[in-house]
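In the two complexes that follow, chain A is the common piece, with chain B as its partner first and chain C second.
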Partner chain A sequence: MIILQALVNGIVSGTLLAVPAIGFTAMFAVLRFPNFSVSGVATLGAFAGYLAYGAGLQMAGSLAAAFVVAGIAGLAFDKMAHLPLIKQGALPAAIASIATGLILENVVRLAFGNEPRGYDRPIARDVFIGEIRVSPQQIETMGLALLLMLLVFAALAFTRIGKAMRASADNPELAALKGIRPERIATLASFVGMGLVGVGGMLLGLDSSIDPLTGTRILLSLFAAAVLGGLGSAPGAVLGAFLIGMAEELSVLVVGSQYRAAVGFIAILVVLTLRPRGLLGERAY
Partner chain B sequence: MLSYLLFIATIGGIYGLLALSLNLIWGGVGMVNLGLAGFFAVGAYASALLTTVGHAPIATGWLMALAAGGFAGLVVTLSTTRLREDYLAIVTLGFAEAVRLVASNEIWLTRGTDGISGIPGPWKRALGPDFNGVYFLIVVAALLVVFFLMRRIDRSPYGRALRAIREDAQVAQVAGKPVLRFKTEAFVLSAGIAGLAGALYGHFTSYIAPDMFLPLITVYIFLAVASGGTGRPAGALVGAYMVMTLLESSRFFVEWIPGVTAVQRAALKELLIAVALIVVLRLKPSGLLPERVPPAPRPS
Partner chain C sequence: MNTIRIGRRTALAGGVAALASPAVVRAQADPIKLATLTPLTGAGGPYGPVMAKAAASVVEEVNKAGGVLGRRIVLVSEDDQTNPEAAVRAARKLIDVDKVSAIMGTWASSVTTAVAPLCWESKTFLCTVSGADSITLLPHQGFLIRTQPNSRLQVTRVGEFILSLGAKKAFTMIPQTPFTQSTFDVLNQVLPKGGCTHQSLIYDDKKTTYRTEVDQALRTSPDVILANGYTPDTVVLLKDLYRAGFKGKILGFAYSINQKLVDQVGQPEVVEGVYTFAPSPAEGSSAFEKAKAASGSANPDPYTCQVYDHINLVLMAIANGKAATGEAIKENIRKATVSGGKQVDNAVDGIKEIMAGGKVDYAGASGPCDFDEKGDILDCKFRYDQIKAGKFTLVKIA
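Let's turn to the complex of A and B:
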């Protein structure tokens, strides 16, 4: 029973983790460098959502605020700091993104200090399904996360711009020949990718509290989800996020909660040793 | 004042060792190590535990720190050398976090967040107030040994092969260079030097705790290597002292701003370092002392 409860918790946290993991992996597919500033952007999104929620917006509106603020910040840093360096290779851009993540983290720290803050959400009684316990808030945030993912996948599959994005990720030269403008695709990938990361930061902060290190704490799980599913693959990121979420919850039963974050690192090492392209391959879908 | 300068010079020297370590792989082979702070911590803990709990001589602790760092480097590279460089970036970043988790939670071994205190310094009791001066000389000696080793590698055929791998691993492979072996060797040596730097740090401050090995140190060292000059050992050294100067002067600067709390001061300092790194990468990626590639000897 306790294992089943852990699995359910894992599915919930996996759903929330999938949102920023899609963002990270989509940016990697299009921009071709691992953007480490996701830690700072997730924190920024969490605080933007916190302010919006405090100002009286509902949950969906607050998530939208987190998306827009994080998307704009991520786009600005990509244009100013990361992409100009990509000519020298992926590594200088990746290193610069560590610095930009640090900038965002410290801007939040300057404004809000280090004390943890909680979203002031209404208290509701937990619901029991059989002997499995879930809170109404969990169901609500999970529903919103699923809806958002559905929107992203529908946009990728059916809209012109979504198809252009997939084409560009798959083969930039060929896509450019077909008249797809690479810089527009890059702009869109930065904005939407970082927007998703910002929403993810808020979703994962909802259940506990947020502080300037909120994003840093989810970084390993996020990378693990993306690497496990296959860097650059959006469905892979979803699958990876569920698996990492469940593995983390199960690990709590075995080694205690303090090693939750180590699960991600071990998963990365194992996947890269045995199947470096991840579960769903490095196809940029 | 003199003891303050000695303290800064010693810490700067330890950062110099880290910068040389990073320069060997980043400047030399074009690999990246975003978990430098983790290897630094591994060395610090290895030596601290051996000399306090294990009562080993300090020199043994330092050698074992070198070995422990190198071994950790081997573990990290084994799964990633075949892959693209961005994977190594993710793995090393995760490594540093994992090290900090283990150091904070394996209380039976590392005493958790309380840290390890009472790490012995060499001849500390006999030297009394002269300890800092002598320790500075020890760090300088270690720095010089590593520096000349790096210069030797830089100018040797081995160093040229490393640079060839950096420029184009495929071409190097076709030319018959064992690319995987060279990359692993360079990374292991680099991680070992970072471990040694950690040991030197721990025996100097006599106290270590997981909080001292934050990812921020890695950012300092990247700033040092980028601003000093990637691919040139002298540049890494100069860069390390430039970063040290920036750090210390920024401390006075932020204290001078009225109406900010201690937390905000720390945030401003980190902000300054991060902005400096981006500016250097953007405006002067070759650094203060750009790389000089010595011509290969012509076959006669």
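Let's turn to the complex of A and C:
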């Protein structure tokens, strides 16, 4: 029974991880470099949502605030720091993104201090479904995350701009020939991807707490989820997030919680060794 | 803008004059350099800035009164980020670039463990507030003191307190820290003597939820849970314990379960009845009052009081040793608390007495500040509080 409970817990944390993982992988698909500034952007999004929620905005409004602030900040850093370097290759841009992540983290620290903060949401006792314990709040948060994912997938599948994004990710030259302007798609991918990362930061903070290191804590799991599913693949990121979430919770039972970080590293190692394209391949939608 | 022109001849003449003057004259112009290395960011972030401020205030007072050995003191403050790697970089800068003779205020045990070898190898004196037993067991050659009671002493008292709560089954939830193993060892010794079983779990302090860990703990039906992490992870842990419907008693260290945690949890019933435990500063002593003023806080935390003591002790050691080297501080740090000496509660009075040829017995803001040969303090009081309706209420100081 405890294994089942751990799996349920893993699904919950996997769902929350999936939102920023989609953002991360979508940016990789279009911009072709791993943007590690997601750690700082997730933190920024969490704090933007926190301020909006504290100011009286409802959940949807606060999530929108987290999305917009994180999207704008992420886009600005991409334009100013990462994309100018991409001509030199993915590595310089990735390294620059580590630096911008640190900058954002410290900007948040400067503005809010180090103390952890919590969203002013009532903490409710868990409810039992059979013998499985679930938290009403986590169900709500999970529902929000699932709704967001549905919206993203619907946008990618059915809207003109979503199709343009996919086309540009699959073959930028061919897409350009068809009149899709790559820089416009890059701007959109940057904004939406970072927006999702910001929302992810807020969703993760809703049930726990937020501080300047909120994003840094999830960076490894997030990257592992994206690599496991296949960098550049949005459904892959979701699958990867679920698998990483469940593996991390199950690892608590087997080797102890202190080795949780190893789960992410092992996942990256195994995938890069045996199936470098990830479970769902590089560009599957 | 006016510019002062110094010709080659003038510069040469000045340089020759400076070199020709007696060494002591030049030395007097050199300030004494000391440093605080506190966690301005990271998990210890709520404490480090106040600690650094208290030390800076003491230095300001002493400088106003003429300094030590006729020299001004310069206090360099660096951030250890509650992170051993960052702390080592900062310590290297303090030792190699600033050339400080003492570093004060390292907070996390992992930080102190990483920084200590740099200090003893460079003969820089290190004063720490970290609790892990292993720290004073390092081959520090006397270049280290700590004002925090070691974790063995602290955890022994925690164990005794758990027994006094009538516990029969205790469970410890703790992240991986240098004091994790000694915590288990001590509790496994102390608790069974009082008829209480003890089980434990190490968790990852970077997780955003501890539901599975809580499930594992609750499977053993504990009546007391020792939540032994830092503030950010303890917030998550306490929420998850509440959600899981845990009805037993919860106990934690006051460095993590503090007013900030209560405010942050935001819902009093989640933390209702939680006990906290801390080495107690010497509340009511005159040094404690001075630490209040130095830190600008009406209720300075134990670490701030300890850093207040560090800087006072180091400055008096320099006065006693008539030299501002790490070696001199090491040889004289215990001479600031000589029984029978003049009772003082600050370095300004202490230095005055020492320079007049007297002996001093410093009674600090954190306690008596007497150290054994390993660098551990010999005596300290402990304070137990319980959270009631979101407020900390004193249970006892013993």
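By definition in this document, the second predicted complex is superposed on the first by the 284 of 285 C-alpha atoms of A that agree within 3 Å, B and C clash if a C-alpha of one lies under 4 Å from a C-alpha of the other, contacts with A are read in each partner's own complex, and residues count from 1 in each chain.
Convention: a residue touches a chain if its C-beta (ideal position, glycine included) is under 8 Å from a C-beta of that chain, and two chains touch if they have at least 3 such contacts.
Every value quoted in this text rests on a predicted model; they were computed, and no experiment measured them.
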item	value
Combined model on chain A where chain B meets chain C, clash or fit	clash
Chain B versus chain C as contact partner of A:Ser13, first or second or both or neither	second
Which of chain B and chain C A:Ala261 touches, first, second, both or neither	both
Chain B versus chain C as contact partner of A:Ser208, first or second or both or neither	second
Chain B versus chain C as contact partner of A:Arg109, first or second or both or neither	both
Touched partner set for A:Thr273, first chain B, second chain C, both or neither	first
Touching partner for A:Ile123 - first (chain B), second (chain C), both, neither	second
Contacts of A:Leu253 with chain B and chain C, given as first, second, both or neither	second
Partner chain(s) touched by A:Gln5 [first = chain B, second = chain C, both, neither]	second
Stretch of chain C, among 22-30, 112-120 or 274-282, that runs into chain B once the two complexes are superposed	112-120
Common interface positions of chain A, toward chain B and toward chain C	109, 113-114, 258-259, 261
Residue ranges of chain C in contact with chain A within the complex	41-42, 45-46, 175-176, 201-204, 206-213, 215-216, 219, 231-232, 235-236, 239, 242-245, 260-261, 264-267, 270
Complex contacts: residues of chain A adjacent to chain C	2, 5-6, 9-10, 12-13, 16, 109, 113-118, 120, 122-126, 133, 135, 204, 207-209, 211-213, 217-218, 248-249, 252-253, 256-261
Residues of chain A defined as touching chain B within the complex	33-34, 36, 81, 84-85, 88-92, 94-96, 98-100, 102-103, 105-107, 109-110, 113-114, 219-220, 223-224, 227, 231, 258-259, 261-262, 264-265, 268-269, 272-273, 276
Residue numbers on chain B that touch chain A, as the complex places them	26, 30, 32, 34, 78-80, 82-83, 85-87, 89-91, 93-95, 97-98, 101-102, 104-105, 215-216, 218-219, 222, 226, 261, 263-264, 266-268, 270-271, 273-275, 277-278, 281-282, 285
